[in-house]
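Each of the next two complexes has chain A plus one more chain, namely chain B in the first and chain C in the second.
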Partner chain A sequence: MRIGARFVAVAVCAALAGCVMAPGDQKPVVSNSASAAPVGPARLITGGAKLKSEEVGWETSADPYAYQDIRPGTRPAQKSDEAGLWMVMDGMERQLRTAGNRITDPALNEYIQGIVCKLAGPYCPDIRTYVVRAPHFNATMMGNGTMQVWSGLLLRCRNEAQLATVLGHEIGHYIRRHSIQGMHDRVAKADFLIFLQIGLAASGLPPGVYNIAELVAMGGVYAFGRDHEREADLIGITLLARHGYDAREAPKIWAQLQQEMKANKDYSAGSLFYASHPPQEEREATLTRLAEKLQPATDKFAKNRDQYLAAIGPWRNGFLADELRLGKFKTSQELLKMLYADGFKTSEVRFYQGELHRLRGKTPKAEKNEDLLSFLGAKKDAPERNDFEVALEYYEKALKEPDPAPVIYRSIGLAQQRLGNDDAAREALKTYLSLAKNPKDRSIIEFMIKQSS
Partner chain B sequence: MFRILVLIVAVAGLTGCQTLNYYKSAHLGRVDDSRTVLIMPPDVELSELSAAGAPIPKAEWTDQAKTHMDKALQKILAERRAHMVNYQRSAADDDPDSPNVQLIKLHNVVGNSAIVHHLFEQMKLPNKHGKFDWTLGDGTRRLAHQYGTDFALFTYVRDSYTSGGRALAITAAALLGVGLQGGRQFGFATLVDLRSGEIVWFNLLARGNGDLRQYAPAEETVRALLEKFPS
Partner chain C sequence: MKRLSLILALLILNGCVTYSLVKPGTVKIGDAYRAQPRMEWSRLDRGRSEAWTIDGNSLHAVEFIKGLEDGEILFQPAAGKSTDNLPKYRKGMNPLEIQDLISNSLKAIGGLKLEVEELRPVKLNGVDAFRSELTYTLKDGLIRRAIAVSAVKNEKLYVLFYYAVKQHYFGKYRDDIERLFQSIEIL
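Entry: the complex of A and B
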């Protein structure tokens, strides 16, 4: 009797789960789970590149929702869940359009949208690109075609081919409708869980069963998301190769990022189980393999380094200043080193090296507070020398370079002030004001000069 | 956006039907011919709760709700002897520096602060001394000139409905003595005096019933949203 009751409860639960796992308004279509290659119109722009899963080198995900690619120039039907998602995203896009950290400079926007259009082909009018001043390595795509390109990405890419890798990846998310797929997956798994929970409660089975099921479902949601990233990587590099870019630049962005991250000894890749993206090592290895398949090893493919540097050039210093303000000095130091090796202007590297020391502002005396610091969990990493003194040495070197920027004097003034050298600080700040053209910070600097005299 | 979500969750936790009303004046307008209210673009989203309670946004319902709300607003304001003028979105609204866009954003922040600091006992600001005293500043005069109105009405509504799956989950859980929540209406409306920027009337709606998808119940919802609106 008791076993019977349990069975009924479990069966009812299973039936309910089966019913809610099927997304309501999606017509079942033939599943494409056998291949990770883009299907449908995605082939319009990827040139029908169809790579088998063993070539790609990862396990392809089952695609239980069997979404066809979105067609160029279309919006989802108003009754669909996807239209609801687009409605919310349209609202977010309106906010983004007028966001304070958006870069509206026409030249930079045209340059990036131009690359997007080249890669996206017939999807070009459907994808709206917003350049956002945010100092992290990232770009995002919303389901309605709103793409964000963050300034931290522009700072880190070395050429147009690397930027195009990321843009192509985001275009892949759009074409494959990953937003709605992800939403349906999360909803289906959560719905399954609630009925499982009710069923288990009714059957009197131990609650531990539910905890395991929840863990499996959560892991499944993240795994599904990682498969989307892999699919987007594949579309990205396919577009890159198809448009004559050097596909070997694609894995490099992940190698560069790893080098930067590993400069921080405390760096950990986090839990594999809950990761939103595949590990960088995996992405680098897979893209390397794909690049070899897609292109012969010659120099004839485009990197467009000059075009890239011309477009990003006027912004790079500002982006680097944003990066330093994050206070992640170990990784910023590595980034600066890499940019220097890549040919970043010596005068600027010297100045920003000085800025790094000035902003870090550590002194050997900090050891006094070590008991407190260790109590708070902070590591002992007091430098051998006062950061402000080191900063001043770099500023002096930067001043010896041709055509030094007036802002160097401001930094000298601020560093001298921190060292207690008021006269030297005042002198440098005055020089800054005399050389800078309409500085926005004139009144605060004048105030500082007055205060210290 | 995040704050609003937190707020919805917090308010959803309050029991039963809840309306909170703050107003400075029970009467609109100084002279009869200036009783015109500028209707700011309503921020409305309708959704359906999945079995587990996740809101699935519904575009078609939202379109219907906007149409019904517009009609109901017109009717109710006419009863209060006020005219309405609709805010017109233009290309200028895509410019981050547009004063109108900045004003709408400012209203979001001030409106949310007002809710947080009046609704929750622990969050009450001592220096307000219990008074409802919030303003957008006199930057609102620009809107008054542009539209020739004295007041602007801002509305925000998030309205969710119980899906078949959710109803099943609620029923099944109820058999086990567990209460799960169904669809809810959460919204607020503010009336701003455009000459001073002050919020002269404010109303919060949070309840477990109401329907914006059909005209008749939508009119009832708008009436509840505009409860004690100055006449």
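Entry: the complex of A and C
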């Protein structure tokens, strides 16, 4: 059934692709006759280095559609299928421009677009970057140059070099025209499958054989996509190195993500056969090898940590709150542990470590009734200690770090109230009101204090 | 065969239209509220809640949450979406936690850039309640403004939630909503 659904998806993609193909224009706008290696502008902006290296295991990845890199400042020829794909993507970009979760803050957007422009060089005007409030580790690139940077990525990067790794990767997708390559591949494989199935049916083979053929075709589609990711990784790290960023930061992103994911014992990377991206371990290992090759260990390269944290700092509080709402308790806990070790705004991190426990609100005896975070999908593991007590410990730690926020006292009040310590709760809420500047909840908190007195 | 198709189509269409007319006067909303509307509304009974609107649900509506019990959710998600990840009411919640419940419920069903602009205690026909005003944005960029009045009676949570498109519609019915809310009695 699952395979069937996937085949239907391929068939729909093929049908959609068919819709945007004018008769006789099945070929790419510009075809590169034979070479499997990217040529032209990709080499230009990455410093002329040979992109595909013998040192990485995916040297032999096929490029059967032989697409040349897109040229700066160009759009696909109007009658091409690629132009049809761009038209659809232009529509999606129009929706993105007014999307409710778009972050339009000029300072943050200028900072990120600035990095994109530094890396992309002559492609800078062709790539429009949209920062989106979405609490997952992700960035995307559409074939028409629409790039999305998700807030979950910004929360997880530790410096500008790490962010530039991902931005360079997305630029790689654009230059190498992976969208149209992927579309052609899905169409080609779906076409092949249809003819194969007709042939198999005509030869009287049992239906199970068709499923095997479907499986092979689907695996091929995903494998092709993974090769694109590998190619984009290579372009990304090459751009990183060329612009003086510390290329050793690139593999760290994947190491950090693995550490986060593996904190959840139930985590599974899923089947590689159906994976859209290569395994994180492979990406980390490949990028480590490439970083060593691209930059001698003795030289010093830029991480731009201060610049990054200055740009992200005003937003991180909200990004952390978004992260907790996902209810992925174990991975969020690991992420917060890593962010604390990183040393930026440690009071803020300690506060959210406390919030995580207060919102989860489990107690060893009454976990069933007290689980405030059950709606967030946290698994019902019996905790060793009362979550409200653990939360209070983190809040106390947060108060000892530099620049503690008044809101910590508000949460202390709520946790104390849950523990039945009404006097301590009142005191904490009073402290919050005395320190907070024009809090919107002043009158309701005054009411709560009065009621509990 | 044609007749059967026609009957089936009518049955399906009938399933879609469950609005009924609310006339000015005294109106009971389930076993939860008694209200005194001064104008006509279209009502849609959803069981645990009831929605009243004039211009249509996507433009504005009042949701009457009919007394949530421990473990129940505030807003129903879109058809086909799971309720597993939606916040649940827990008895013993204080006003700040109830406000978090409202905010997080809205966020879980697609409310973005949510800001609570005001939070204060009020009376709902003699019952202690609290009121908040919120602004949030939908995925397509449409900005909504909302008023929530919440009260706990016999450990059940009662919420009156008015939302409207910020431009034009929120202001258009604001006075009528204030009068309607003042008339409401929890049963």
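One rule holds in what follows: the second predicted complex is superposed on the first by the 342 of 453 C-alpha atoms of A that agree within 3 Å, B and C clash if a C-alpha of one lies under 4 Å from a C-alpha of the other, contacts with A are read in each partner's own complex, and residues count from 1 in each chain.
Convention: contacts are C-beta pairs under 8 Å (C-beta built on N, C-alpha and C of every residue); 3 or more make two chains touch, one makes a residue touch a chain.
Just so you know, these numbers come straight off a predicted model, no measurement behind them.
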item	value
Contacts of A:Lys265 with chain B and chain C, given as first, second, both or neither	neither
Partner chain(s) touched by A:Asp81 [first = chain B, second = chain C, both, neither]	first
Touched partner set for A:Phe447, first chain B, second chain C, both or neither	second
Contacts of A:Ala99 with chain B and chain C, given as first, second, both or neither	both
First (chain B), second (chain C), both or neither touched by A:Lys437	neither
Most chain A residues touched (candidates chain B, chain C)	B
First, second, both or neither for A:Arg325, with chain B first and chain C second	second
Which of chain B and chain C A:Lys400 touches, first, second, both or neither	neither
Residues on chain A lying within both footprints (that of chain B and that of chain C)	95, 98-100
Residues on chain B engaged by chain A in the complex (per definition of touch)	1, 43, 45, 47, 50-54, 56-60, 62-63, 93-96, 98, 101, 105, 165, 168-169, 172-173, 175-176, 178
Chain C - residues contacting chain A, complex	70, 73, 84-88, 90, 94-97, 99, 104, 107-108, 112-113, 116-121, 130, 137-142
Chain A residues within the chain C interface of the complex	95, 98-101, 133, 325, 327, 369-370, 372, 374-377, 410, 414, 417, 440-441, 443-445, 447-448
Touching residues on chain A, where the partner in the complex is chain B	16, 19-20, 78-81, 83-88, 91-92, 95, 97-100, 102, 104, 183, 186-187, 190-191, 193-195, 198, 201-202
